[in-house]
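Take a look at the structures listed below.
Here come two complexes built around chain A, the first alongside chain B, the second alongside chain C.
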Partner chain A sequence: MGTTTTAAGWRHTGTSAGLRQSLRTLAASVMMATTATAAMAAPSTEEVNTTGLAVTDDTVTVGILHSLTGTMAISETGSVQAEKLAIEQINAQGGVLGRQIKIIQEDGASDWPTFAEKSHKLLERDKVATVFGCWTSASRKAVLPVFEKDNGLLYYPTFYEGLEESHNVFYTGQEATQQILAGLNWAHEELGAKTFYLVGSDYIWPRTSMKIARKHIENVLHGKVVGEEYYPLGSTQFGSLINKIKLKKPDLVFGAVVGGSNVAWFKQLNAAGLTFKKQPMLTISVTEDEVLGIGGENVEGLYSSMKYFQSLDLPGNKEFVAAFKAKYGEDAVIGDVTESAYLGPWLWKRAVEAAGSFDVDKVVAASPGIEWNTSPHGELKVDENHHLWMRTRIGKWKADGQADVVWESDVIEPNPFPEGYQ
Partner chain B sequence: MGGYTGEELTAIFLMQGFSGLSLFCVFLLMALGLAIIFGQMGVINMAHGEFLTLGAYITYLTSYLASDVWPFLLDYYFPVAIILAFLGTFILGYLVERFLIRFLYNRPLDTLLATWGLGLILQQIFRSVFGPREKSVVMPDWLMGSYQATDMVDIPLNGLMVVGITILLTIGVFILLYKSRWGIKVRATTQNRTMANAAGINTDRVDRLTFALGCGIAGVAGAAFTTIASTGPTTGSLYIVDTFLVVVFGGAASLLGTVASAFGIAQAQSILSFFLSGSMAKVITLMTVVIILMFRPQGLFASKVRR
Partner chain C sequence: MSTQSVVKASWMDKFGGRGKLLQILIIAILILGVLPMVADIFRLNLYGKYLTYAFVAAGLVLCWGYGGILSLGQGIFFGLGGYGMAMFLKLEASSPENTAIQSTPGIPDFMDWNQLTELPWFWEPFHSFPLTILLILTVPAFFAFVIGYAMFKRRVGGVYFAIITQAIASIMTILIIGQQGYTGGINGITDLRTLMGWSIQTDFAQYVLYFACGIALILCLLAGQYILNSRYGQLLIAMRDQEDRVRFSGYDVANIKIFVFVAASVFSAIGGAFFTLQVGFMSPSFVGTVASIEMVIFCAVGGRLSLIGAAYGAFLVNLAKSSLSESFPQLWVVAMGALFIAVVMLFPRGLAGLVSDYAGPVRERLAGLFNRKPPAPKVEAPKPESARPQKRDGVSIGSAQETH
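Up next, the complex of A and B:
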């Protein structure tokens, strides 16, 4: 990713900030342009760091906090890879405010108290300028009090259930309404779906998502929910559920089954003769990562509602995919969350440069309004509520494990506390 | 259930029956190996799930070789994978008994801890070798899709295969334990070790082979499961609770008890999850099992073993 394209792709509307903000933005853009041609003098450390963060004259330390071991390692590996790639690219372009980014990586070990403990360590002992990390909502909830108490900064990559907004967290994935509403509207209009069967794993994200989906189906689309079911995490037997779906014949099955269950669920659907031609199905939990485990032949024809697909035909995405594969091998796949994780370091760099400081409060204040039109998934904008404006896309999976994007929405405003949906 | 035709209801009834049957087979496959190890030897093997996973990974490796290296073998690899899965887990089980379990026979709690630790070590080895992501085997064409008996009734082929493997394996274990000379030795050792020793049975050797056989059966089960679910480093821990549940509920030392208990739990769960939701079905099944065990701690079929 060349500096010039990035500089061109970035924009700052400065809706929330005043003239000083715009001046800073201008200064930052000039600085970025300069980086491409010659090394520039970095601003002094006292100036950019008034709160005792781990910033020296030529380095700044950040934390990466994901599960490298335990059940969640399967999902979080991609995020770690994307964050490291972004940081490497930023360093290659001259770093942030003239400082190279150093990483301290900690293992949350799929255990929520461990996440809290490690974030404590990163913020209080290592004094990191920001943390990229967490994946499950449970781990985010566990570290939230620590980040708020120590006034740390967290970039959280996963699409999640919403109902949260913190001064100290930026959410680079979709909140629930961004993923669900547009997807259901599409199914209603394009597939003519009137009856829906909701299926999810039994924990907070699917349950909250399905609640929103049900309200939307009943109140807005005036359709009917003919079944709503939750299966325990790790459940591998879906025979009875599949029979019920066969009996009720819904126009659309709307799914949020996660983890190992996901694989069993699709294999058994397929084996039971319930192909996606016969029974259309839209899911919010299947990305390229999951398809790798499920097997492309088992999801052929399935629809996913996501903001990002590896096959997206955008210049920003082509560069991202090429860089990712160059670093992690030709066989590496990139799912929606991996892409969200890649956004984190870039958004942070942009905010720091707009603020002209590493101080958390200044970075937070400078963030809303940041726009990036050439991100891998296209246009995005950081909202006042710390979530991103982004498009929702419907992908139809092919046997080779990639998706054809069959539809995309306009850029959707994030709405983590949707009225009438709770 | 108003508004459905008789034909539809019959079809659902049939398919529901089959889904109960395949769940029964899954439970029985999981539990058979443990029934031998826990039931016959009294060893609490917490690493049992990891032996299942190992069998599944061996199948994955075989399928990988068949699909990527020698594509013409793709249609035939599955039986080979089952045999390799059995051999691999059998050998590992043999070594584990030889170097770990046999020092702990009189210390059940230490066995529990040691095998738990072994399970964790194996999980991390899987993660390091195969990566943390779930792996899916490429299935041969003849295992994909379903057999359409009528317009409405679809019987999944992979489910049929699991049923087949379960029947063969169960009959095999019964013959081995109750009709072979080796089975006599195993049962003699279980019932009275001192007497068996005095009668000239090498009980150390019997123990080793029994443990290895239990592990080998777990490996076959793992191979069979690759057709219905995925394989990840922690897959085994998903199975271990159900496995112990089936064995304990059936009555530790009774193979027949294991079969009966697998059948009961599977049918209850399958039928309940048709009328209620998946989570509720699991809750009610577990609660029923707990209540029955409170009144009948020895399990469904009491063991008549002198300890």
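Up next, the complex of A and C:
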């Protein structure tokens, strides 16, 4: 099966993604070949929309569903900005299948049933062709049955715990193993870490991540977990934990503390004299967005394991950062999830054009195998399991709130159901 | 009213007279007739969700408006009802065939992620539907009884009771989130699809659930009216306005309070169970303090002295919330806040007070046309007394002028 290069940095390959791939990709490639020739003249609406989506002769409507209000608004705003930027850029290039993208934005209000309600509205009332949205796992879990029932399409940007694979969702962030295993291997090899202390906020993502981390530490690295603790979301008292860490002196603290707790956690660590020089720490939950709130001086020397840092020296990233700052101001920061959110509209556009249709089933079928080598974080490929192949990088934070990338992995296959880690 | 019922007891008087029944008939026609005709299934499903809050608001009218017991923890009972239903549906969705990829097939997915290898004992009863229904009604009732017994027997009331219920709601949330292997944690219990093999996601199913919810609400309103017009209802008002006098007359005030608190909790639990069925999941965000206080707002907006008003209140506040957030995704919270302030400042007795002030005279004339005998004289507390409940629970909403 051949590989077709359609535009700078974009490829669509049929050979890569494993055994299950067969006729579906063949069909997709054929479809793509036909649309490549006919792409210039916009195909008729009846042809590209057989399931009654909100597509007209010159527009296509999509939904954006994030929290604009409530506790999650601070995290989700970056995603909204990135999605709007990508859509604006796509429209400037002529849109998708000759149609300009129109946005209907809804507020999930940091409230899971509101997410479900709004996704009902977007899919059943507005008939949007796709939705970019959700941030927390809880909101994704709340909308999942709605998307599956109405056969909608969701691009979900956040790094998350894995253990999910839906026909109707594309996960543009890392699943747990992509973020954790490479990071731990790096700490083992580069920092010589043998004893680990696991710290997280108390909900599904940190718990699942730590479960995977523990199995990897014990079974693969043959190290030792000397402590594992979880604190309620929003908790601000880390004094006793800090004392325990001082007592056990682990080689590495592996952290997944989220949200407002982060500020208290790092400030108290500093106040207790545990600098990251004395006590190395690797986290999977701190991006540029969090550092903005915590203050760069409080995280200087901390390591984060992410696929993206704003400081990445890649052509795709330079363009992205420049465009983002041009639209949202020089002070805007871009974190890992914001970048994942930016990928969503582009991956959707590419899949729609490959399928030559807005029909959800055809877009889904055409997605696996899409490659984008010049994305802001570099090479990526959509897997059969709807997750992305991507690199993991270790960044070391500086006082100015940016990170130096000190290490990067090869491109890692996504594996949302890792065997031996359950 | 008891004196009249001796003279000539009409079955209608047991529910507050012809006027009240007419109002319930109107709301029944609205819920079961008008709304399904004008709304498509998407809106109707939303309306069904709003109606589930009307159960809670009606319960609050009983215990807050008439009993003077301000509970800031109705989310506890809403949650218990909702979780009960969710546990049943989750077990059904977790058949060994559906969960074959798990380490332990046959248990809910979140338990598997949390390394549980067998179903906890307290999940076992939820395999059976009749037992689930029984538990949905009895567990919240029992819990409310325990809280009520512990508080009211010690004569804890007013603000202290409100604070304690709020604390319990908070504890419940922390417990649910912390024990995620047993409860699903902060994600809640999600991915509920069928009820005894019958998909709850189809349009038809949502119609059925909506009507079931509507009918249950009407029955609850009738039950509420019945309670208010029974001897208990009279005692309740007497107790709210002059607790000591009722005590000196030889009544055990605590028992009256416990009764009405339990009744309110059962209403909430029924609402919670219908919520799970119509929304398709349950999560700790409906149990906590914010949700519980919101429920009090529904009741205050509708009018805390009117069961029917509270039902309208719950419905309209949620309707406003949805439509405002659709029209102004970034500003709607401010608009909602302004709306609440306006209602509380301008119409302290809520929508029901507004209606009875302006439409009341018209209504009474109409009722006079239907009634052969003159309208029953109001037996409620005369005006000077009406300031008392405000003083006692420290909330300046509402007064006791309205007929129930």
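Points to keep in mind about this one:
Simple rule for what comes next: the second predicted complex is superposed on the first by the 390 of 422 C-alpha atoms of A that agree within 3 Å, B and C clash if a C-alpha of one lies under 4 Å from a C-alpha of the other, contacts with A are read in each partner's own complex, and residues count from 1 in each chain.
Quick note on the criterion: contacts are C-beta pairs under 8 Å (C-beta built on N, C-alpha and C of every residue); 3 or more make two chains touch, one makes a residue touch a chain.
Values in this document were obtained by computation on a predicted structure and should not be read as measured data.
In the superposed model, A:S137 makes contact with chain C only, not with chain B. Applying the stated contact rule after C-alpha superposition, one finds that A:V263 touches chain B and leaves chain C untouched.
When the two complexes are overlaid on their common chain A, residue A:E297 makes contact with chain B while staying clear of chain C.
Applying the stated contact rule after C-alpha superposition, one finds that A:W389 touches neither chain B nor chain C. Touch criterion met: A:P232 reaches chain B and chain C at once. Applying the stated contact rule after C-alpha superposition, one finds that A:T69 touches each of chain B and chain C. In the superposed model, A:E106 makes contact with chain C only, not with chain B.
Looking at the shared chain after the overlay, A:Y328 reaches neither chain B nor chain C. In the superposition on chain A, chain A positions 69, 202, 232 are in contact with chain B in one complex as well as with chain C in the other. Of all the residues in chain A, the ones that touch chain C in their complex are 68-69, 105-107, 109, 111-114, 116-117, 120-121, 124-125, 137-138, 141-142, 144-146, 149, 161, 163, 202-204, 207-208, 211, 232-233, 417, 422.
Across the complex, chain B is touched by residues 69-71, 73-74, 77, 202, 228-232, 234-244, 246-247, 260, 263-264, 267-268, 270-274, 289, 292-295, 297-298 of chain A. By the touch criterion stated above, chain C contacts chain A in their complex at residues 41-42, 45-46, 49, 101-103, 109-110, 112-115, 174, 177-178, 180, 185-188, 190-193, 201, 279-281, 283, 285-286, 322, 325-326, 329-330, 332-333. By the touch criterion given at the top, residues 4, 8, 12, 15-16, 18-20, 22-23, 26, 124, 127, 131-136, 138, 144-146, 148, 152, 154, 156-159, 225, 227-230, 232-235, 238, 269-271, 273-274, 277-279, 281-282 of chain B touch chain A in their complex.
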